[in-house]
Structure formats: structure tokens, C-alpha cells
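Here you go, one structure.
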Amino acid sequence: QTKTLTVYSGRAKTFVDPVVQQFERQTGIKVNVRYGTDAQLVAALREEGSKSPADVYWGNSVGALGELAEEGKFTKLGTALTRNVSSDYLPDDRTWLPTTVRFRTLAYNTGKIKPEQLPDSILDLPKMTSLKGRIGWTVSYPSFQDFLAAMISKYGEATTRQWIEGMKALQPKDYKTSNVGMLEAMRAGEIDVALTNHYYIQRVNRLSYPIDTYFFKNGDIGNLGNATGAAILKTSKNTASAARFLSALVAKDAQTFFLSVNFEYPVIGNILQPTTMLPYSDVSKRSPRIDPTVLPKNIDKAQKLLRDAGLL
Amino acid sequence: MTRTPDPHTLELLGLGKRYAPGLPPVVDDLNLGVNRGELLTLLGPSGCGKTTTLRLIAGLERPDSGDIRIEGRSVTAPFTPPERRGVGLVFQDYALFPHLNVLGNVLFGLRHLPRHERLPRARETLSLVGLTVFETRRPDQLSGGQQQRVALARALAPRPSLLLLDEPFSNLDAQLRHSTRQEVRAILRRAGTTAILVTHDQEEALAFSDRVVVMRGGRVEQSGPPHEVYARPRTAFVANFLGRSNLLGGTADRFMARTALGVVPLMESASGPVLVSVRPEHLTFTDDPQGAPVTIVAREFKGHDVTYTVRLAAGQELLVHTPSDTVRPEGSAARVSVTHPARAVQSSG
Amino acid sequence: MNARRPHPLLLLPAILAVLGVLLPLVYLALRALGAESSELREIVFRTRNLELLANTLLLTLGVLGGTTLIALPLAYLAARTTLRPRRLLTLLGVLPLAIPGYVGAYALIAASGAGGTIDALTGIRWPGPGGYWGALGVLTLFTFPYLFLNLHAALRTQDPALEDAARLLGRTPWQTFREVTLPYLRPAWLSGALLIALHVLGDFSVVSLMRYPTFSAAIYQQYTAAYDRVYSAWLALALLLVTGAALLLEARLMRGVRLSRVSPGGTRPPRTVPLGRAAPLAWVFLAVLAGAALVVPLGTIVYWLRLETNPFAWSALLEAFQGALGAAAVAAVTTTALAFPLAYIGSRHSGPLARLTERAAYLGYATPPLAFALALVFFTLRVAPPLYQTFTLLIAAYTLHFLAEAVGPVRTSLLTATPRLEEAGRLLGLSAPQTLRRVTLPLVRPGLLVSAAFVFLSVLKELPLTLLLSPIGFETLSRNVWSYTEEAQYASAAPYALALAVSGALLTLLILRREDRRVPRPPPSSPPAASQPAASPPATPSTPKDDPA
Amino acid sequence: MTRTPDPHTLELLGLGKRYAPGLPPVVDDLNLGVNRGELLTLLGPSGCGKTTTLRLIAGLERPDSGDIRIEGRSVTAPFTPPERRGVGLVFQDYALFPHLNVLGNVLFGLRHLPRHERLPRARETLSLVGLTVFETRRPDQLSGGQQQRVALARALAPRPSLLLLDEPFSNLDAQLRHSTRQEVRAILRRAGTTAILVTHDQEEALAFSDRVVVMRGGRVEQSGPPHEVYARPRTAFVANFLGRSNLLGGTADRFMARTALGVVPLMESASGPVLVSVRPEHLTFTDDPQGAPVTIVAREFKGHDVTYTVRLAAGQELLVHTPSDTVRPEGSAARVSVTHPARAVQSSG
């Protein structure tokens, strides 16, 4: 029985390290973490194949988790682990465990835009010709593509294509993968609204940028909720420790921590929230229900649409 | 052969230069005037400051003190940059452009010519130094002597009004050296170019120039027409440097001096202790028992004559220059006598 | 001496290096051949890629122009003028390389516009950089040191006699510069320019932040989004093709370059010229450059520190600092050591094989680092699993990847050192390896220093290789900088970014100290015996030989 | 002065070398044997392949054909690297190490000596070339002549068993050249070193060596003891190259030849059309109306003698070498006569 655990983390060190340290203190199990982006780690896991030293994969996006799950790299999780976790984002096959939830949203410059001026649905965003040239988005960012994939599964490819074309006519500025860069641009006055994840706005608010969050109407695809998650790899020789680690991630301490440093919503109940954020119960209603397992399949289609539109 | 003393084309006035504050001066209160069209040779031992002097004239170094005048105008204050002094220089180390071929090197200095004259001029100069066929070679594909000739051609081609030549023939064989020297001399004469030649070859110095200047330790030791400096060296240094004189200490009494060689006739009257300079060619082997007894130490065959090194009984070694007719083996005894009156010289400058 | 075959001492490492560099290509080919879908054709052979390529080329040319306009005057000022203090100039010429491009880009973005640092401090709203000009500007500011150091080393070793000759043949200083100095700088420029070109061709972070679509950014985004190794393998191969073209072009331009002195005697150190009336102009240039490349980014980073009052984890910083410095230092040494044989074979031996050997290094540099890392993962786990995720593997990866950065400067110094000197070494009884050590290496030392500096700074900034191949728990500065800035945690990123800059500064000072040893020493005022020549280490036993211990 | 023919220390057998496939051969079927302790001089016009020959011997170039044997063993197949040939070389372009000071340069080759002998040996060699005070200077801080002397000292210090000297004195003044040459010669003799000297100075060649080899176009034209080659040149080329001979076409009839100069006595009997070589020092100005009438074209003063260029009525120019006693102005008329029997030579090799 080895006393060390190897975690591949697509999540940044700030969110991971304190949790890991506490886990080590509590259990005496040494945790080695390899940091990277989801894409890098997915590629590495594929190249490593059966020789991978990794026990746990902790991903930053449903897309990455879905890819790996589909390849059968994860073990099925026991109910002891999944019991307390909100079922909204738990995949049916229970191959991975959601750890936090974030929502798509619209950021706007409070100095330039009143929330009343903004549309109820993201589907109506293309109609806002007054925003021409003032919209920012991140076409290459995984969460954005997850959102398009969700739109495809809910409204079909034609509607999605139409939406993309409509948006394109408004000449949005593409910040590629950098949400931070996009919000900086909003601060500098380059753009006035931006499609982003909710926590980025919370973060730059700490720098007192004049930026606020706008949620579309309840159930709108523009408010899509999206999980991060962790899984135990089949190559793991230490599944017991891995399971302990996963359960620590959804324990109250860790969940509170995620919320406080990253403004991400917890996947378990009874966690206090900062006043700047809507309560989870509230936001979770805003997001439509989409089965996380269908997303990965639609991502390819989303990318094809983007390519067809000349955006990728 | 010196020109009438019209205003000097080039004047060096009290020139001084040291390479670094701690070091002794390399050029030290140097005074020199050069006339228009004059061919002047700078002679002096290795390291005496010849190259430095040329570099000062060319504007590649700035003097620490003194002034340089070209055509009567000072070029040191305000400092005239090299390209506006109208001076050409054959570098002692060639300084060929490695990125240009032979023709390119020679053409480099011809931009002031109308375009259609450049190539003919470059070719003509190259043929003068016998390098026409190497036109397209790069400098690193040439032999040492060929490189030196390119350097010469490059400096010659623009026909500067003042040409400085720093040992420009040192890597040429005797024949080529002779013919090139004569051709260069003819060109310079024809164009009325003023030139300063640095050479270590005293024959060359004497044959090339209107005037020789002997330098020593950064100063002018003696200057004058070749035959005069040769025949009447002012100091022992000059006597010895130019044509390797035999210097003997002695006591003079009017036209005679008593030396280790016996009594030597003098060219000019002197008295008291003197240093007597006897040219090797003014000594000869003799059968006369009056001759000073010597031992043959070494024999250097030089083609049309032989230089013997002989040792006097007193230990001093002398050079004797004779036609190469008889062979005297090393170690044998002989007698030598003086054939020409000798000169009494200053012991040092 | 044109021995037909290189000495085994040089040949073996060279072959090793070439093989190592070719591994990723094999890997990419393996992956690319694993493709089957028609979608692939759609991605790889679409017209948009041509547009992207055109964009990339346009940007590359622009950056080459921009960096030249900055690096050449700066190198000239530092190497050839009396402008002082020279250390400051060199610092300005090297330090920007210590700032990762994306950090520089972030900092410039954060500094400009309403509410930016400049606005906050001075009330001036400087327009934010973006698009072609933004990408060009940022890439120029943070890559020009590649040219600067190359040119600087060359300018310091040029034989002043050539410029003297040109002046005497009627050229003004400016004409002399154009006709004699510039041709002399050609190999130095080419080696710097090639690095910059490859850098721009492969960059995705700066262009993404500047929202300028380029080919490599597209590859990267494709990858990030699709998790598909096959697409990216194809696209990486396409990028390599472009790089190959750049290499061919450079090889053509290098053909027939002759620099080494053909004259007898020793080369003097180049003369320095007083600036005179141009001095104020030079100072303005320096001030603007320093402002854009150092003051604004570093100032912004310092300003970030202010944002948060969290007690900072100094121990973590120290650990990262040590990790980064250690790896960078080791890699700088190994890479330079391996680059030397390549450069030597490339410049001293003729024939296509010699040239290919040297060029191969650039392929390693041109391979996208992620692909490079994955290739090593792939091969190590198959061939030598115990090596996987060890320090050794990491250093090997750095070495192979950054080989190209080290080859150029060494090659340039080799071109300027005449082979005659090596011949002299052999004739004085030294074997080929001894001659290398005692003649060639001292002669090319300026080039070796520049090479080591490039690799050192690049390793400090490197990300993908470090992330995938480092031993677990290995901390570096760049990873922290990157992950914190990505998450907009500027205050946490700032100390790491500053630590990068400090490392750069330390390194620069080190280079300067070494370089200054080349400056003519004052004349021997001390007795000769006091200053022992380098060739005879004085036999001064520090401890008695008959020490009973 | 040649040695007894013991096995050659160095042998060049049918050596051939071209620098690039397209170019003509630079060394072409060269054959030469050098005896142990022999001092041999290689003479020849610029670009004839002297440096290349030395580089081949030293192992810096590989021959295209032929063989080189040192002490009877081939060094070309298998190729012996330079450092194992025991050969020293003074490079024509010095090749001083710029990163080492003067002492460091000289010490460089002394690693085979015990540590305590190195410094004394280096200092001793430096003092031989008069550079002791420059010990700590870097090469670029020396004058041209000083650099050349460092190069000489560096090659000399390790006492190689075969020393190759490529124009090692070309940048030294006459005096220093003479003394250095003699000292080097004495050292080589004392150590029994075999040496090959390349020089463009024929006086030096004749004075230094046991044997001279005249090269032309990569081949040996003539080889033999100095006085013999000088006195009995086999070809017009040698006659002319060594001591600038006057070559006159004529018709021989036993010991007489009829030429433009009148009837010239011959050293050996010949008949039919010949080329007659008359040394300049074997011509003299005469008042005898039998003398050939000439016009003085040029006068070169050389210190102890003068070389006149004179033109015969037929247009041919001749050199006349006389002591510098009387001055004949350029353009004046005179008569010359032959004082020694002349040699009939082959018109070309």
C-alpha cells in the first residue's frame, strides 16, 4: 500500500494546493500534483496510456472529463462518494465527480450599459445592433464551446449556426482563450459587454473594475451551468486513497474554500456565500438542465460551426 | 633630388602619442615636413613608432600633443576625419575586406570616379601588381604575397594625393619587389603624389626615396637625401642602422684615430675620444703584415658578395664585405685593413 | 585545416543531438498518420489556413524589422560608443528577454486605457495595444534581445582595421557602417533573426492576447478545444514546413559568408566613438525603449503587488526561484555544450551533411513545445520508463529544444575566429580536443556566453515542457506567473514575475563581468612575474604536499 | 656544406595538391628530400606554392597525391595529425593567440617540458628575439615586427625536430633581421634541428642555408648548395630569380657568344643559339671604346653600391651593379663591358 497519491490537475495551483495540504495533514497521505491545462494533461494521459503514474484526474471542464471518460480511462465511482453531491452535474455513469459549478453569464461595463438595456435571452443578443463592435467573446475557450455544444443539444445545429452568424454580424472581438484579457479590455473601454464565466467578474471586481454580472432569464442557455470535476483513473494502484481524496474535495471545508477563493458554486448544500453572489439555489434555477455527458459529442459540431463561420 | 622648398604638403609639429597613460610615449615630439611630390622613407628599428606615425597622419589615431598640417591646414584641431584627408594607406597587416573579392576590394576606393572609369582603373591597377587572373578570388584564397599586392593595389587605385605605405613589399620576392617598387615609384612620380614609405629594407629605402628619415624611439634621429645619410651618419645609431657599420672606440688626433683596428684615417678632423664608424665594404682582407690580425668567425654568402664576421684579438667582432671570389673557411686567421677614410660619430642621439 | 571528418569527440554529441531533435518529428509523423477522418482534411487543407499563414508571415517580417530597428542601434551604442554606463545599456538589451511575452502583453494591457496603471498613476489614457500592431509591438519589445546580444557580440569583435581601411578609402562613418560593418554583422543578424522568426512563428500567447489570428495560435486553439492529437500533429507538421523554408532561406543567405581575418597579426579591440551632438538623441531612444520594454511592464507588475495585502508565501517563492534557477543554469550549460559541436561542424567542415547537422537543431526549436513534450513522454515510457518525469529527462528536453538558441551565437564567433589559430595549437603539440579547449573555446567565449544567456532565460520562461516532464513537485517561477495571471490573480503573480526579472538582471550582470575581462587591461605597471599568464597556472601548492592527513 | 646522405629526415614524393577541383594544382609532383640537421631554403615567386608545401608537411592540408615521409615513415597514409609530427611552424601570418599575452603564447607549446623548465625556456626564447619587456602585452598591443618575433619565439621554444619557417623575418629591420637570423641559425645548428625556411630575400636564402630549393609553379626548378645554384643556374628562370641576371639571346661558338652586348666569354663551351646569363655585378662601366654603348635609364642607390639600369642601342635593358663611387646621371651615355665569363642557360624549365 503506497502512501503517495499522484494527481493530474487542470486546475490552477491556488485552488488546489490548500486543499491538498489539508488532505495531507489529515490523512498522512502524500499527494503529488502535476499541474497543466486540461488539454495538456489529456494529451499526456493519452500518451502515457497504461504506464501513467496518475491516480486522480482533476479537470477544469466537462469537455476534458467527458473526453477521458469516453475513452474509458476512469473507474466508476461508488455511491459513498456521490451520495451527498448535487445530482445536477453528476454524469449518469458516475465516472467522475463534480467538484464546483460555474455559470456562463454576460459581463457589462457599469459605466456604459444599464442592465435594463440587455436582452432577456442570449438568443436575442444578435439583435442588439446597438452593441455592434462592443461585444467581446472567447471563441477558443473551452467553456464557450461547451456553451455552444449545449445550445446545439437544446436548439439544434441550425439555430446555433444562425446565432453564430448573427453574432458575427455584430463584429464581436475575439479574445481567444483569455477571459482576463477580455475583462481588461472592457475596463480599458475597448468593449462594453462580454460573454464569460461568472467568477472572472468576481475576481476583477476585487481590482475594483467597473464591471458587473448580468444573468439572462431563468433557464436561458446563456446562463449555462458547467462543472469542474475529479475522477479516479483506471491506472491507479491506489484507488482507496484516491477515493478518500475525492471525498475530501466535496467535503464542506474544501467546498467553502473553492467558493471563497474562486467564487465557484459548491456542489453540496449549506455553504455560506459572499453577498456579491447570487445564492446557488437561485442561480441553479437560471441554468437549463443539460446532460453533461452529451456535451463532449456536440463540441465537435460546435467547432465545425465556428470553423464554417471563419471564427476558428 | 630634393624639391625646391615650397610650402610643405605635410607637416608634423611636435607630435606626441602614447597608447595608454602608463606606457612610455610611442611618438615623442616628432617634427617632420614633407614637400609636395616628395618620396620619403621612414626607417627605424622594429617598434620605434613608424606605423603609429602613419596612423596619426591618416587620422586613425589622435595625437596627445602637437599638430599635423596637411596643405598648411591643421587636421588635428578641429579633427579632420580620415576620409576627408585625401590620404591613402597600405596597412602593414593589409586589412583586406574578407567579404569582398579581389576586384571588390580594389573597386572599394573608386567611388569618386565616374562609373565607367572604375572598372578599367581597378583592372589596370591589378595588372600592375600582377593579379589580373585572381580578380574573383576572395582574399582568404590568396597567398601571403598576393594578399599584400591586393592591399597595395587597393590603396594605389584611387590615386590619393598623399600615400602612406607601411612595408608594402615585405612579402614579395626580390624580383617582384623590385619591379613593383619601380612601377609604383613611376606612378607616384607621374601623378606628383607625395608618399611616405615605411620599410625595413634599407636598400629599398635608399633606392626608392628622395629623402630618408631615420626614426628612433618615436623621434627623428636624422633626415636627409639617401646617399648623404648613408655617407655621413650623424650618430652611431644611424651609422649602424643604415648598412651595419663597424663601430670602434678610439682616440682621434686630427685626421687619424687610434683604434683596436690600428690607425684609421678619418674623413673629418677630430680629437679626443671618438667613436669611429667603418663600413663593412671599406674593410678588406690583406696580405700586408700591417693589417690587423683577425679570426674568421662566420661567413654569409650573399650571391654577388660575401659578408664575413671576424674577431679582433681584443675580442670585438667586425663585419667585412668582400666580393665572393675567394672562400675563407670559418676559424681561419687573416688580416684586414681599412680602404676608405672613416667617420667619427656621436656615440648616441 | 579541413579534416574531412569531424573529430569523434564532436561528431558523437552532434549525432546524439540530431537524433534527439528528430524524435519529435518521428512522433508527429506517427500521430499524423493515425488520422482517418475527412474532417481532418477540412481542418488542415482549408483556405483559412492560408490566410493565417499570410498573417503569420506578415507578423514575422514586421517583428524582424522592428527588432532590428531597436537592437542594432542599441547594440551599436553599447559596443561602439562612449555612451556610459554601458552596463545599463546591456541590461536594457537583455532584461526584456526575462519577461515572458504574455506577461509583457498582460502588463501593457493592464497599463493602458481607462482605469489602467498609467491612467491611475498619471491620468493619461494610453490606447491599449491590439491587433497586428499590438502583436508586432509586444513581440518586438520582448524578443529584440535575441538580436541585441548577437549583434553586440559581433560588434565587439570586429577588426577595427577594416573600418579604418574603409575610411581611408573615402567612406564616411555612415557609409563605412553600411558597407563594411553591416556585411560583417550578417551572420550575427541571421542567427538572431532566425530565432526571432521561429519564436514568432510558434507564438500563440501574445498573438492571442493581442487578438491577432496566426497559424500557430490556430493550432494551439484547435488543440485546446478539441483534445485531438491528430489535428494538431498535422498542423504542427505544416508549421514545421514553414520553418523549414525559413531555415533554407537562412542557409542561402549564410552561404559564402567569410568573416575571419585574413591579415597577419592580432586583431585590435574595436574603437569606440564619442557620440557628440547625437548623444541627446541616443538618450531619447534609450528612454523610450526602457519605458516601453521595462518601466511600463515592470512598473505594472510592482503596482499589482499593491493590490492585495495577503501575507505572501515567501517560502513558496524561494522554492520556485531555486527550482527555476537550478534547472535554467544546468540547462544553459548542457545546451551550450551540445551546441558547440553542432556549430563547430557547421562552420568548420564543409559539405551538405555538416550544414544539415547544424540546421537540425532548429527543427527541435520549431517543433511546438507541447508536441515536443508529448514526444518525449511517448518515447521515454516506451524506452526508458524510469527516466520519466525526472530532472534528467527535463534537462534533456530543455537541451534538445533550446539547442537552436545556443547554436547561432557560437557559430558566429566561430566564423570570426580564424582556423589558423587552431592549426597553430595543433602544431604546438596539442591534440584536437586539447586545441578545442585551450584555443577554440577561449576564442568563442563571447558567443558561448550569449548562448548560455539565451537558454537560461528561455528555460526560466518555459512552460509546456516543464509542466509535463518535470519531476513531480518541481516548482518554477514561470508556472506560477502563468497560472496566476491566467486567473487574474495579479498580486500573486507579481512576485514571481519580478523574480524572473531579477534572475534576468543577475544573469546580465554576470555576462557583463565576464565580458569586461576582454576589455584591454591596463598596461603592466606591476613587475611581469606578478601577473602570471593564463597558460601556466602558477604552481603554488596551497597546502603542503606532505600533509600527514 | 651538404651533409652525408644518411636517410632523409623528410621526404616529399610526387606531392600534388589543388585547393578546389576546378583550380590548377598548387603543388604539382613535388619531390624533395631533406637530410637530418639540414637547413634548407625554399625560394620562389609569390604564389608558387611555398606556403602550401609547408602546410602539407605540417599536416594542415592533405595532399591529393603523393606521399610525405618523416623519419622514413609515411605520414599521409594513415594520416598523422599535426600534433604528432613533431613539426614546428612559423606562420606567414603569425597566427598569434589573441586571448593570451606574449608569454602565454610562447608558453603554449611548452607543455611537454617539466613545469619548472617552462618559464625559463619561454623567457630565454623571448630574450633571444628581444621581447622580454613585452611579456605581459597582448599581441594586438605590439608592432608588426614585434608580433612576428613572438610568432618566431613561439615556434622556436618547444625545439621541434623539424622547424618550418614561413617568411619569419619579413617585418624586421635589416639589423634585427641579421642578428635574429644568425641566432636562430646557431640554435638550430646546436640542436641539430632540420629546418625549412621560406623567404623572399635571396640574400637571406643564400646566407642561411645549406641548400636552396627554387620552386616554380608547384615544382622544384633547381636545388643545390647556395653558391652553386647562384653560380650555375640551370635555367633562365633560376638565373633571373636568384640575383636578377641579365639574359641575352645570342649565338655561341665554343667559349664565346655573340650577343647584343658584343662578344661575351662563356664559362662552358656551347654552340648554336643560346641564352646567356650575365650577372649585373659582372658588368662594369668602361672608357674602352670596345665597350657596348648604352644610355643610363635609372639609378638605384643601395648604400654600398649602385644598380644602374641601362639601355642598349638594340633596346634591351640591362642591370649594372657597381660600387657607389661615381655618380652617372640618368639620361647620360656610357659604355659597359663584361668582366667575368657568363653562363649559357636553358631558356625555360
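By letter and in written order, the chains are A, B, C and D; residue numbering begins at 1 in each of them.
By our rule, a contact is a pair of C-beta atoms (placed from the backbone, for glycine too) under 8 Å apart; a residue touches a chain by one contact, two chains touch by 3 or more.
Because the structure is predicted, anything quoted here is derived from the model rather than measured.
Novice: Using the touch rule from the top, work out which pair, B-C or C-D, shares more C-beta pairs.
Specialist: Per the contact counts, C-D leads.
Novice: Please report how many Å separate the Cα centroid of chain A from that of chain D, as a whole number.
Specialist: Going by mean C-alpha positions, chain A sits 88 Å from chain D.
Novice: Using Cα averages as centroids, what's the distance between chain B and chain D in whole Å?
Specialist: Chain centres of chain B and chain D, defined by C-alpha means, are spaced 21 Å apart.
Novice: Measuring from the mean C-alpha position of chain C to the mean C-alpha position of chain D, what distance in angstrom results?
Specialist: Their C-alpha centroids are separated by 52 Å.
Novice: By residue number and range, which residues of chain D touch two or more other chains?
Specialist: Touching at least two other chains: 92-93, 141-142, 144.
Novice: Identify all positions of chain C at which a residue touches two or more other chains, and write them in rising order.
Specialist: 262-265, 520, 523
Novice: Where in chain A do residues touch two or more other chains at once?
Specialist: none
Novice: Between which chains does touch occur?
Specialist: The set of touching chain pairs is A-C, B-C, B-D, C-D.
Novice: Which stretch or stretches of chain C touch chain D in the complex?
Specialist: 1-4, 262-269, 418, 420-421, 423-432, 435, 438-439, 442-443, 520-521, 523-524, 528, 531, 533-536, 539
Novice: Report the residues of chain A in contact with chain C in the complex, numbered from low to high.
Specialist: Listed in rising order, the residues are 6, 12-14, 32-40, 42-44, 46-49, 51, 53, 63-64, 67, 139-140, 142, 145, 173-178, 180-181, 183-185, 187-190, 200, 203-204, 206-207, 209-210, 262, 299-300, 303-304, 307, 310, 312.
Novice: Which bits of chain B are touching chain D when the two form their complex?
Specialist: Contacts found on chain B: 19, 43-47, 50-51, 92-93, 141-146, 149, 166-167, 170-178, 182, 200-203, 206-207, 226-227, 230, 240-244, 279-281, 298, 300-305, 307, 321, 323-324.
Novice: Provide the residue numbers of chain D that touch chain C in the complex, in ascending order.
Specialist: 58-62, 81-83, 87-89, 91-101, 103-105, 107-109, 111-112, 115-116, 118-119, 135-142, 144, 147-148, 154-155, 158
Novice: Per the contact definition, I'd like the list of chain C residues that touch chain B in the complex.
Specialist: 159, 161-162, 164-173, 179-180, 183-184, 257-265, 520, 522-523, 525
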